[in-house]
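First, the structure itself, so that you have it in front of you.
Order of writing sets the labels: A, B, C and D. Residues in every chain begin at 1.
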Amino acid sequence: MDNALFDKWQQILAAQPFSVFVGAELAEASSDRVQLRLPIREHHKQNFGFVHGGVIGYLADNALTFAGAIRLGTSSVTAEMKINYIRPAIGDHLIARAEAISGGRSQAVTRCDVFVVSEGQEKLCAAAQATIVALPKP
Amino acid sequence: MDNALFDKWQQILAAQPFSVFVGAELAEASSDRVQLRLPIREHHKQNFGFVHGGVIGYLADNALTFAGAIRLGTSSVTAEMKINYIRPAIGDHLIARAEAISGGRSQAVTRCDVFVVSEGQEKLCAAAQATIVALPKP
Amino acid sequence: MDNALFDKWQQILAAQPFSVFVGAELAEASSDRVQLRLPIREHHKQNFGFVHGGVIGYLADNALTFAGAIRLGTSSVTAEMKINYIRPAIGDHLIARAEAISGGRSQAVTRCDVFVVSEGQEKLCAAAQATIVALPKP
Amino acid sequence: MDNALFDKWQQILAAQPFSVFVGAELAEASSDRVQLRLPIREHHKQNFGFVHGGVIGYLADNALTFAGAIRLGTSSVTAEMKINYIRPAIGDHLIARAEAISGGRSQAVTRCDVFVVSEGQEKLCAAAQATIVALPKP
């Protein structure tokens, strides 16, 4: 069952041209938690040599939306997101971990922590919170 | 003078590997306003065929940071950002317009509207607000 | 017509026990803009002698919700709000000015600037952005 | 030691005229967590009979600031806050629980969950995230 959920969301990620372009990978998708992983490449950086905030924001956004959509159980979009950038991201890869903290019929609230991993050590580099809204049934 | 400011920020944008990777262009950089432009390509989209929220968030983030740094007059980073996604972005290109609404020695507050342009018509697709913080002088 | 709108929202404000308790007054309610006014009293302050952030947040929240509900044309609630505190509020009264920047059938995005007024001079002390959601029809 | 911390922050709360006016009580203040409690009174409500969002926002704001200031170890202010309202608050009292998720020399990021308690049962009614900034030493 969780495998089916994972497969479903891996296919959705693969169907997002921007996620493929950026290089995000699904590491976990369950009713409890979503994890996205991004190996850091040169083209992810900004002018100081850190990962660009836009990359971190993208990863958080995607994890937040997935976690909300899983909770809502239907096609959903991100109505809004807020992200705090906590430390410069320098390392091997990023991990975004998101979970739904509430969810009704039409709306979920989700939180996400983004970690930068360097030589196996995780450091929190951003924290986000979002509102995910179910799309009206067609 | 404004030309010098524009040239400076165009060089900073060109020095951001992720901005080059995504394809953002500087359209305006003045003490009043920053505009970034992004021609929409297939690889910017998500699974519904709209521009991915992460692309819109990236463009807003960069415009917000530039507007804040120009106000603060020094190297700066985005401490945090909040973005509302208002309508699906379908069109030819995105325009992000940002301005500082306050600025002291160490911190500026900036706002950004992101428009999607289709056949010459602009529609608001996102609205963001951010806190930009001056980096300590080395 | 605008008079009818103003009267309606003044009655709603008067029907909010917390707004009466805090002392907020409606200064404007139109399809373009909502203004709330709060004469600053000793009991609005925090331990440094400034107006408490919670007072400013309350006033912004109320103005944001009113502006969104007017745009949506139906009973509405605030789904979420983000506020930047820009400078300490010291003065005679606060003014919160809010407007809807977008609005569909079910959701509006609103912005609000809060000013502190001292000897007739306005200074921006906070800036907020919110998502207002229409309540389901009974 | 924790008792000293609790006493200190209880005194700070008592020195905030608005907190006294609203009726907030300190329930916990430690390096791990801050809890504020608010017995719900008629004057805390809005026009639908729920606790006004401004009350919930005030309680979250205060808990977020206390948690950040404890982490930073110095006088601090809230630079910005974001709050999601999750369900209408109807009950006996509110509990706001805040913790710092990061903290450096000058800035902390804090999160807060606000619960409404009715007949001993807690329900999450809001979730907030904030940036707390240390005031420059005089």
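The rule is simple: a contact is a pair of C-beta atoms (placed from the backbone, for glycine too) under 8 Å apart; a residue touches a chain by one contact, two chains touch by 3 or more.
All values reported here derive from a predicted model rather than from experimental measurement.
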Chains in simultaneous contact with subunit C and subunit D: A, B
Longest centre-to-centre distance from subunit B, chain (CA-based): D
Gap in Å, rounded to a whole number, between the CA centres of subunit D and subunit A: 28
Distance between chain centroids, defined by C-alpha means - subunit B, subunit D (Å): 33
Distance from subunit B to subunit A - Cα centre to Cα centre, in angstrom: 21
Shared-contact residues (touching 2 or more other chains) in subunit C: 79-80, 82, 84, 131
Sites on subunit B touched by subunit C in the complex: 82, 84, 86-87, 101-102, 109, 111, 113, 124, 127, 129, 131
Residues of subunit C defined as touching subunit D within the complex: 12, 15-22, 42-47, 51-55, 57-59, 61-62, 65, 77-85
Of all residues in subunit B, those that touch subunit D in their complex: 79-80, 82, 107, 131, 133
